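Just so it is clear, A, B, C and D label the chains in written order, and each chain counts residues from 1 on its own.
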Amino acid sequence: MPKLTPRMIISLLIALALLLLPLITDDDNILTLLLLTFLMAGLASSWNILGGYTGQVNLGHAAFFGIGSLITRQMWLGGWPFALSMASGCVVAGLAAAVIGLPAFRLKGTYFAIGTLAMAEALRITIGNILPTVTNLPTEVIRNYELAPRYYLMLTAVLLIVAITIYLNNSKLGLGMMAVREDEDAARAVGVNVLRVKMIAFVMSAFLAGMIGGAYAFYFVSYYPNFTFGPLFSFDAITVLYVGGVGTVVGPLIGSVFFVILRDMLVKNLQGVHQLVFGLLFIVVVLVLPGGLVEAWDRIKQYVRINQSPTKNQHRETKAQTYPGENLH
Amino acid sequence: MNIILQNIVSGLLVGGVYGLAALGLSLAFGVLKVLNIAHGELIMFGGYIAFFAFSAIGVDPFLSILIVFPVLVIFGLVLHGTLFTHIVRFEEEDRIKNSLLIGFGLTLILQTIAIQLFSADERSILTAYSSAGFELGGIRFPLIRLGALLLAIVSVVLLEIFLNRTWAGRALRATSENWQTAALNGINVRQTYFIAFGLAAGLAGLTGVLLATGFSVAPSIGLQWTLKALIVVVLAGLGSIRGALFGGLLLGVAEALSAYAFGSEYREIIGLIMFVIVLSVRPQGLFGGDHA
Amino acid sequence: MSRKVCLLLCSLLILVLAACGGEQAPETIQIGAVVPISGSLAGGGGQVERGYQIAVEDINAAGGIYVKEFDKKIPIELTLLDDESDPNKLVTLLESLNSDQKVVAYLGGFGSGQHAAAAAIAEKNKIPYIGVAFALYAPHGQGYKYLFSPFPKSQDMASDIFAMLNEYLPEGERPTRVAVFQEQTDWGVELGDLWREQAAAQGYEIVVYEEYSVGSSDFTDIILKAKEADAELLLSLPTPPDGITIQRQMAELDYTPKFQFTIRAPDVPTWKDLGEAGDYVALAPGWFYGMAYDGVAELNEKHMEMTDRPADPIVGPAYAAVQILADAIERAGSLDRDAIRDAIAATDMDTVVGPVTFREDGTGVVNAPILQYQHGTIELIYPSEFATAEMIYPIPPVSER
Amino acid sequence: MLKINQLEVAYGDIQVVWGIDLEVPPQSTVALLGPNGAGKTSSLLAMMSLLPIKAGAVQFKGEDISTKKTHEIVESGLVLVPEWRGTFATMTVLENLEIAAYTSKARPLQKQTLKEVFEIFPRLEERKMQKARTLSGGERQMLAIGRALMLQPELLVLDEPSLGLAPLIVDNIFDVIAAIKNRGVSILIVEQNVQLTLESTDYAYIIETGRIVQQGPSAELLKDDRVVEAYLSL
């Protein structure tokens, strides 16, 4: 157990505040908004394991979210205990990744990205054909619907994923993943079993996406089964992560706050142009902070340091930290 | 038997549209190494321009390409100058990532603009010859879709000529293979990027014309066509120009045949599965790594 | 670094919490609507939005709704939010209308999937919900108490078409060979099954029954099957983009059934773009601007001002939804949600869509007119007592128009 | 002709070149020698504006080129044959040579120069319709140099021309370099093959871990004990 840093204390306090929140308020609006924030954070964090740490851009992440929600929902509404249903959802999502992984990892880079996208689309249309009817919670459940347990389930799922990413940051497995991300050949040269690391990351990522899917199936009163396989769940997870900061623990958390809560505020206050404003804001963030919102604080700190420093030399040093080829343009 | 043949013909005719949709995306990816997921929104705008040119001033849609293409090229240049030019200075992996994000923001912006300008209702162009066609051996060839396929083929041929026979085109090919080497050859890479992106936008505009004449346009159609184009691009092999057309035709026929064999609700699934199988056997795509 | 990030998270959280605790204005009746203004359902959403807006303006122009409990007329304040055609966003916005605006009733959006999700939230929050523009019956089978839909349902649409043909055509001239293009969605399945049932009961034979999934780009296969089987009556319920493509390809492949009944796609005002290829199609949008009910002329006039055309098909039902709600609030004499709910259930009034009452399951007893595009204009052809023109049958092949 | 002044180059936080000075006078052949990772390639890329210059200046024909874009530098007559050869694998030999005459200066002379290149490298003419990736290593180096000649260089910079080539072919390449020099083109050659390079150049610099550690006329360095011990005794 590492010693408690101020940063950890604050993180724990936030987690605690989020845990206590349903006891303080029964405002479903706040809880729903936070729940959806957790949903995006969970999707983004689970994507992060394969996409951020291992460097394999999976554009079909929604498929595993969808599988998790589908299995959980079908079993649960079919009379199985919820815990077992959700566990099955996770396992099937993980298994699906294991099956898909072997052929999919023959593909590299963009090909892998589009290949997984195609796979998810095929699943989405298939599920839409097989199960075209909307899935509702039973009316009795809806009448006595309590948001708090849903909130806790989603929060727990996200905390678990965050804990796993923190573990990855400090583990041999995590190092192996990052080695694969940086340079597959080099990783292989130092004895990393590249395919094995990729497969583990893929299965973990899918399993956790399935878990978020299970929590979603528990939460959402009424949706079409193929809805959770939709490409936007993949794209949103990725944009949340990139806008927050890829390959970091807090990145997806900040990104989801930006993505869900800011968007919600815009919808309510800028009817008609909210999408446009969000799109613009989004582009500005991407252009100004290529490393995501987590970079914002680094930038500010650096700026403060430069302005305080007596020598100009340091200033030039930071300016030179540009990307190769920048001079070209 | 005629039904099978008719299905294949229809698949080919639709496949031409897939191919043209993929062409611009493939060009932008090949040269700039950016994945513009707002490509579908550019297609959408092209469709609307053609629609209004037709409904307001009566310009035949196949003539309106003379308006649509340059307008979209200019629009593409502006988009590149304001947005994408900032990300081509990144390393290749970051380019793809950042272009995805910028494209995402762009889709939201362009869709809102489209709803405000054109309303959300589907628009479509019907010309005097829209229902016309001829029969050949019991197979019907609708003129409008033959025109679409023809436009796709002509676009590919002209693009190939441009890429192989002109200085600017060769510069594009050179840059797509290695921008550093291209720069060492005295090629103005920045300018080349502009040209590639402008052309890609122009080609998206042409696709939009085909949607307006053969299907319909609405502010939200972008994602659907971006996905289709992405799949064709990868099926063909990234950056392969001729491949994009062949890939589109192939997908169109595969969809048509699977609709015939398994029922219409499975047409797209078979196409997607075929795509995954092709990729796992030939990871660089059908025509990848052979042609710029 | 991360500590500051956490601080940022914290402060954002506080901001959000603060933003959510707004005050409500006591001098208005708070009504909430979440409607798709952007995304794939935006076309229909726009019609719903216009209907609500005009109705609220009309009611407020008269000073609002008289509420007995306060013995005064109180104007309506409608909070209308955009769900971007995404059921996730729909649900959060409905929740925020409940907690922020403390709305006394919800007005629905557009599309059966959206309605199914929204109705469940209404049921959970015990807020009366009036939704138009969805013919799907399934949500009503859930036993919801707060869901009301003064709109024709699949059952009506399934039987009316055969009833009309049987009424207008002598036996022997009827298009008894039927093709169904069934969209693979729940509404498609529901209506498809009903059509099958009704066809058998009314003496029709389904010769082609083809399923397809939404968003296909080529319908050659199913059109050829219908053509090959010489189907005389074509029944379908495509989305507007699919419907437009099907219509084009039918013209291109030179297939014209004797009669074509297409639900949903021809409802959009831009169906006219199809010109001759889209002519003679019969449709059942749920309402028609040419119906001679009280208030329709005024509604058309106001709609003209906004869009240069008489009211679109969904504008009327949306307007009626507000009429029904206002009437119920007045009869309830209070802003209590349950009192309003009971008052809605007891509705018996005339609206721009005609007389409306509700069944036990929340479905409305409303007229479901069948219309037909005739030479570019829409005419009402059924029920016969309202008909503005005779049914054109058989419809001429595209090549001879 | 070329004057490099206190050049520093860094990749992000990692600095690889620490202030080198180097000069190539007109009509001369200069060598830049040093082991792998000494910063030779990085210096060249920075000079060509393909890497950002952290500090220092680069002058070509008396003009500061450190803020110019790569294609402008090439246009002004400074041409680099990079370590990765710089041929386009998917293009034919002929296309590779044609595209190299891209600059406005080179375009009008394209036909003429092409003939000259084929005279120098008859092998290239034999294979002119072949895709570049089907060429052998030596042929590809010939193509790379031929491509550079198409650009009408005034100063030709060669980065490791002997890398990965058989000794016989290396000799051949150095003969060609000498021939090019005789056409009045200045040459800066970066190499690990010290013996051969010193034999065929006028002046040489030795770079180690980002700094110039020794310089002098090539003939003298060939006899210098330290150089012989460090580079030639193996």
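Observations
Criterion: a contact is a pair of C-beta atoms (placed from the backbone, for glycine too) under 8 Å apart; a residue touches a chain by one contact, two chains touch by 3 or more.
Small disclaimer: the values here were computed from a predicted structure and weren't measured.
Each chain's centre was taken as the mean of its CA atoms, and the one lying most distant from chain D is C. Chain closest to the overall centre, judged by the mean of its C-alpha atoms against the mean of all protein C-alpha atoms: B. Taking each chain's centre as the average of its CA atoms, chain B and chain D sit 42 Å apart. Once the centre of each chain is set as its mean CA position, chain A and chain D turn out to be 48 Å apart. Mean C-alpha positions place chain C and chain D at a centre distance of 73 Å.
Note: centroid distance chain A to chain C, computed from Cα atoms, is 36 Å. Among the residues of chain C, those in touch with two or more other chains are 37-38, 184, 211, 213.
Residue positions of chain A touching 2 or more other chains, listed in rising order: 125, 129, 232, 272, 275, 322, 324-326, 328-329.
Looking at chain B, one finds that residues 111-112, 180, 183, 189-190, 265, 268 touch two or more other chains.
By the touch rule above, chain C contacts chain A in their complex via residues 1-10, 12-13, 16-17, 19-21, 37-38, 80-82, 84, 86-89, 91-93, 95-96, 98-100, 112-113, 116-117, 119-121, 123-125, 138-139, 142-144, 184-186, 188-189, 211, 213-214. Against chain B, the residues of chain C that register as touching in their complex are 37-40, 42-43, 45-46, 85, 184, 210-213, 215-222, 224-225, 228, 240-241, 244-245, 248-249, 251-254, 268-270, 273-278, 398-399.
Taken in their complex, chain A has these residues touching chain C: 6-7, 10-11, 14, 17, 27-30, 32-33, 36, 125, 128-129, 132-134, 136-137, 139, 142-143, 145, 220-224, 227, 232, 249-250, 253-254, 257, 261, 264-265, 267-268, 271-272, 274-275, 294, 297-298, 301. Touching chain B in their complex are the following residues of chain D: 48, 50, 69-71, 74-75, 79-80, 82, 84, 86-91, 95, 98-100, 102-103, 106-107, 147, 151. Of all residues in chain A, those touching chain B in their complex are 55, 57, 103-104, 106-111, 114-115, 117-119, 121-122, 125-126, 129, 231-232, 235, 238-239, 242-243, 246, 272-273, 275-276, 278-283, 286-287, 290, 322-326, 328-329.
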